[in-house]
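Presented below are the structures under discussion, each in the form of structure tokens.
Both complexes below contain subunit A, partnered by subunit B and then by subunit C.
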Partner chain A sequence: MRFPWVRITGTIVRRTAFAALTVWIVSLVVFGALNILPADPTTAALGPEATPEMRAAYRHLMNLDLPPIPRYLRWAGGMLRGDFGISVVSRNPIGPELAQRAALTAVLGLASLLLSVVLALPLAVRSARRAGRLFDVTISAAAIAVSAVPEFVVAIGMIVVFVSGLRAFPVSSNGIAEGDLGALVLPVLTLTLGAAAYVFRHARVSVIETMSAPYVRTAVLNGFSPARILWFHVMPNAAVVVVNAVALNAITLLSGVIVVESVFGYPGLGQLLVQALVANDFPKIEAVAVVTTALLVVINLLADGVVLILDPRLRTQVASAPR
Partner chain B sequence: MPRWLSIAVAGIPGRVGLALVAVALVVATGGPVVAPFRHTALVGPILQGPSAKHVLGTDQLGRDVLSRVLYGGRSVLLLPACAVVLAFALGGVLGLLAGYRGGRIDQLVTRAADILMSVPPLLLVMVLVIPLGTSDVVLIATTGIWFAPRIVRIVRAATASVCTKDYVLAARVRGESTASILWNEVTPNITGTLLAEVALRLNYAIIFITTLNFLGVGVQPPSSDWGLMVSEGRAYLGHRPLISIIPALMIGALAIGVNLLSDQIAAHLARNVQESSRL
Partner chain C sequence: MSDHPVETTPERLFTRRGFLQAAGLSVGAATLVARTGAEAQPKKGGVLRAVFSDGNSGDSLLATKMPNTWTPVMFLTMYDPITRLDNGFQPRPGLAESWESSNDAKTWTFRLRKGVKFHDGTPMTAKDVAHSLKFVMRKEAATYTGSLLRPYLNPDKIRVMDSSTLRLELEKKFVFVANVLGLRYSIVFKEGTTHNDFLTKKPVGTGPFVFKSFTAGQSFSATRNPDYWDEGKPYVDEIRMVNIPEEASKLQALQANQADLVAYTDFALTAQLKGDSAHEPFPFKEAAWNGLCCNLTAEPFNKPQVIKAMKLGVDRQQFIDTAFAGLATMGFDGPVPGSDPYFPTDLKPVTRDVAAAKSLLKEAGYPNGVDLPFDLVTVASLGVNNIAQVAKEQLAEIGIRFKIRQGGPTFWDTAYLKEPFILPDWNRRHPFEIYGLLTSTENMSKFKSAELEAALAAAAATTSFNEQKAQYAKVIRITAEQDGYVVPAFSPRLHAKSTKLQGVRPNFVSFLDFSGATLG
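After this line comes the complex of A and B, so read on.
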């Protein structure tokens, strides 16, 4: 069968457009939410003794003397050009800080996504083959427990087990910024467990269903070895479901990243967002919100792309709407 | 025995789930009645370990931890429940209309739902509470509105499949109004499908709202909401871990219980695909 270039390109264009739409809507909502407040930010930024000239200058600098729509356009245009505004708190441009933190968050997100598959797939296959027996029941119960509870509960559990209990890892450190990979362990582990539980449940169901499919029974009757059946017949179809589940995870990853970075003090975009919210640093909140959304939307697109390439069947279906 | 109950206790996971949820319900509703102290009362020296007077010790301000846990269940159960009700009310009405009418309305509603579903919820709610505040109403409204699109899709799909049945056609021929058809013919026949979704949405709502509370953008101190307690007790995990661990365990128990129930209901439905219609 010829590779359906036209359809794939169409799907990619459509998905990218939708992703861009998502980022745009987030920018609108965030900008709208933070700009409808009547409070005068000059007092907070400059202090109560600022002169009227200083206030006017500040307002002009922050584009506050413009009506909302031009202000939004100027802000959005600036971001597209790489100018992310100036923090109200630190008076520094926000851009440089974003780059390093975005990289750290990306590392966290991608590592967790990958590890979740590496962890979940073998367990799912094993569980499916021993469906209903001790191994399956135990692992499935664990998966339900982990996927049902909020991420911060898992995170606190990690701290109790590893930090208080085993005294193995630091709770919060800037270590990662200095290249200490140990600081990556707990955050990645927390996110991985959550994602892996989700992937595990879907993969297990998929493998069980595939194993009872007619073509697998045919393969068995043909006398193929169990190993060959597993690898050539069962896995390719199960893999599609798995990658789909992984792709779905990329959006929920955003919530997980915010929580995990907050709990473990991981210096990524999520932590920056929480800090900016606490400090009421509006320009920073706006910039971080948009950049974080963009980052995770891109990761989502990449995962979707992988799914598209791997599954011949999906290429011929109409692109489904986002979940 | 009501139908949902008999479904729920049919299997072991369902029974465990029901037990966990029942415990959480009892604690949430009856807790404040049996609590030895009020959740805001400063009753002892700070950061004490478990003792006869304070079974779970005292927290960083000198409040009794056990009492705070007993008071804290209300927001964990009430807010998500209200949010789910709101989501089903909004999403249900829109989904019914879209599924029944089809055509333009259907497309419009589905597109809007897709767009709403694709935006990151936690991020947006965290930003929206700045102008809107963190009152219970705001939390319920934002959570409910974010859940509504998914329910719209499910209700729409279920409605569309029911609308092909003869009794709906018969009602239309009889001249029944749209509202009457939707209420009398369609709704009773899609409640089965919706039941599993209710439990699942409740699970997500609990996760979402407790996470908001944990991050400090939900319910505010001095409330003893469990998520908030976990966050406040973080600094003392080495010294007095109970302040964080007990509320975390309660949240975990409730969440797992609701999840087990929803799995049980979903499994039951998968077995009984053919629903008998109410004529």
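After this line comes the complex of A and C, so read on.
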């Protein structure tokens, strides 16, 4: 116990190593799966009217006729150097496109996460403080209902209301690439609804549980104001659950963006992945898969780190855990 | 569907005199139109917004690669092919104003239109055309034009005679050179353009619109070319193409007036547009054929009676009404529709006869019908599942039972030419093209017929349209009666548009030609 930070650092190093191992295994699985698939990228590159002669020439040009192991080594080596390779369909470098798409997905994801927390937390606190009353029952029921509706349906509903009905926003969100923030509204709202419902449900339960903890009762008996109890005693402890919910939301959002980006034509990672899958653009699929996995792993690591900071009990556990 | 001018038959277009007369008629018609008054002039201006769904992040500005519907539309707004194909696949004057061949069809001379300018203001010459043709003919360019021309033409034998005359000296006879030069890969770009130029520089063509912006898988825009050689055209100021993959979103974009046209949409859309006076379905009829393709070497398709029973067992009118919302036309169990200029007028569609079909099955040794030992594998294409479902129900009534399996996005790699019973999706083509494919690398039915091969060879040996027609009539008839294709209907490609949008010409080269489009 003399050097708790040494153990904490060791834990961080171990988890980072596991994270890297996870990304490497995913890269192997994705590469292997794509090689087993009987799909042929030349169909997308050249069109169905391409003759076998045209296809063979193209395969040779793109090194697709190399055996899988040298191809994997070449690709993985490139990834380690930050070179994501070349699209076998467009023959353009994948890296710049991936960076641009990832940035747009990050904007969409972060905006949705932030908005979901801003919406859900006050509602959760209010619901928790009025647990069992009409407000709580109504909001809780709405949250469950929203969680049960698939994002695809929510997205179409958004279009019907805000595009066809109110004519307030564009259907296509590809204006976001030129900085049109209006194009961001419907995808963000769609993702936010589900995410907010999730955060609300977890935060509400956590606040209710924390409010019934003995130290909160003690604070009440000490005559602290309700606001002080809430913000200085309840919320810091409830925040651990909220952070985990937000981290899980971030992971769910990464899959949600595939649907939402397709419906709205939002030019992010999700759309890139779908288009790469349609075109059997193997290097692009692999690049998106590895980058997405890396993102998930990093989000998990960050969430663990934040929880460690927020909850002193966990720090103690980590530091005293046997090696 | 054929849109030949009455005075200019395809037969006559093969002769110089025919061309001069055609040109004279065109000038006369143009003068007449000019005299009838200014009200006949199409309205200029506006931005045409079109929505597509198959744009892909793998698309690029490399104009020799057009694997989907987005790219041909995009490229053909900026580039022109050497000739123009009408919707009966007959070559018409385009950048090449006229052409003629030697008697043995081995030497072809193309006279280019004078005064045509590239978007950067430089004049287009025969050197540009020769370079473009050589570029697309390279094996590594992997273009359809290249694969069609290479067996006949050595690129070194593309001769520039003068600034507006190009001569192709073929190694062997080929009568469809002018047709091939009208295909989408036969576009003209500037002399010296390299592969890298396509990927790194702004596209410069002679087409009706000038490149403005492009983001792969998302959007494309181009502005009106004020110097376009086709006088008066184009009429709209700008074309904006946007990619929205989701069908439901596309329709909403149209109905919320955020788009003027949505391309390639589902047949179910026609019902949703009922009662919407501002928007209408916009079908390109007889654009595709989705037939049941039976491998004749696989049992029970190896028994001719079974194939005949299937052809008798389908109710073609019901297909048109239910699977195609009434927008299809009668199919003749082959790849050529009834309105094709080569189609034999006396060939009638097979009328459904359940009793005769059952009797044929009995004759083939299946008195109680037959459960096919394989599935019908369908391509992932709009409307195809409806076709498969109707076929399944109708054929079950005569005793042919099977399951349907969706081939998904890997259909062309996993099922096509591998499974014995498939339902693919083919764009309509000129008979020389489609039969060239169906009798070689794309023989889905494994059908062999010496008579058919002889007729194809005879059609390819003459420059006379009538003689070609007589030979193709034989080919079409043999296919309808003996081949393993059951094509109950010739299907449309369905688009939808605002009623204000007029003059868009669906076609087989660019798919959608916006040069004559106006926004009312």
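Just so it is clear, the second predicted complex is superposed on the first by the 273 of 323 C-alpha atoms of A that agree within 3 Å, B and C clash if a C-alpha of one lies under 4 Å from a C-alpha of the other, contacts with A are read in each partner's own complex, and residues count from 1 in each chain.
Just so we're on the same page, a contact is a pair of C-beta atoms (placed from the backbone, for glycine too) under 8 Å apart; a residue touches a chain by one contact, two chains touch by 3 or more.
Only a predicted model underlies this, so the values are computations on that prediction, with no experimental measurement involved.
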Which superposed partner A:G223 touches (first subunit B, second subunit C, both, neither): neither
Which superposed partner A:V163 touches (first subunit B, second subunit C, both, neither): both
Touched partner set for A:V153, first subunit B, second subunit C, both or neither: first
Touching partner for A:P67 - first (subunit B), second (subunit C), both, neither: neither
Subunit B versus subunit C as contact partner of A:D281, first or second or both or neither: second
Which superposed partner A:L37 touches (first subunit B, second subunit C, both, neither): both
Touched partner set for A:G132, first subunit B, second subunit C, both or neither: neither
First (subunit B), second (subunit C), both or neither touched by A:V263: both
Partner chain in contact with A:T293 - subunit B first, subunit C second, else both or neither: first
Residues of subunit A at both interfaces, subunit B in one complex, subunit C in the other: 37, 156, 159-160, 163-164, 171, 262-263, 274, 277-278, 280
Interface residues, subunit A side, partner subunit B - complex: 18, 21-22, 25-26, 29-30, 33-34, 36-37, 144-145, 147-153, 156-157, 159-160, 163-164, 171, 251, 254-255, 258-259, 262-263, 273-274, 277-278, 280, 285, 289, 292-293, 296, 321-323
Of all residues in subunit A, those that touch subunit C in their complex: 37-40, 43-55, 57-58, 61, 87, 89-92, 97, 101, 156, 159-160, 163-164, 167, 170-172, 174, 177, 262-265, 267, 271-272, 274-281, 284
Sites on subunit C touched by subunit A in the complex: 51, 54, 56-60, 62, 65-68, 139-140, 142-144, 146-147, 199, 215-219, 242-246, 248-249, 252-253, 255-258, 409-410, 412-414, 437, 441
Contact footprint of subunit A on subunit B as seen in their complex: 13, 110, 114-115, 117-124, 126-128, 130-132, 150, 203, 206-207, 210-211, 214-217, 227, 230-231, 234, 237-238, 241, 244-245, 248, 251-252, 255-256, 258-260, 263
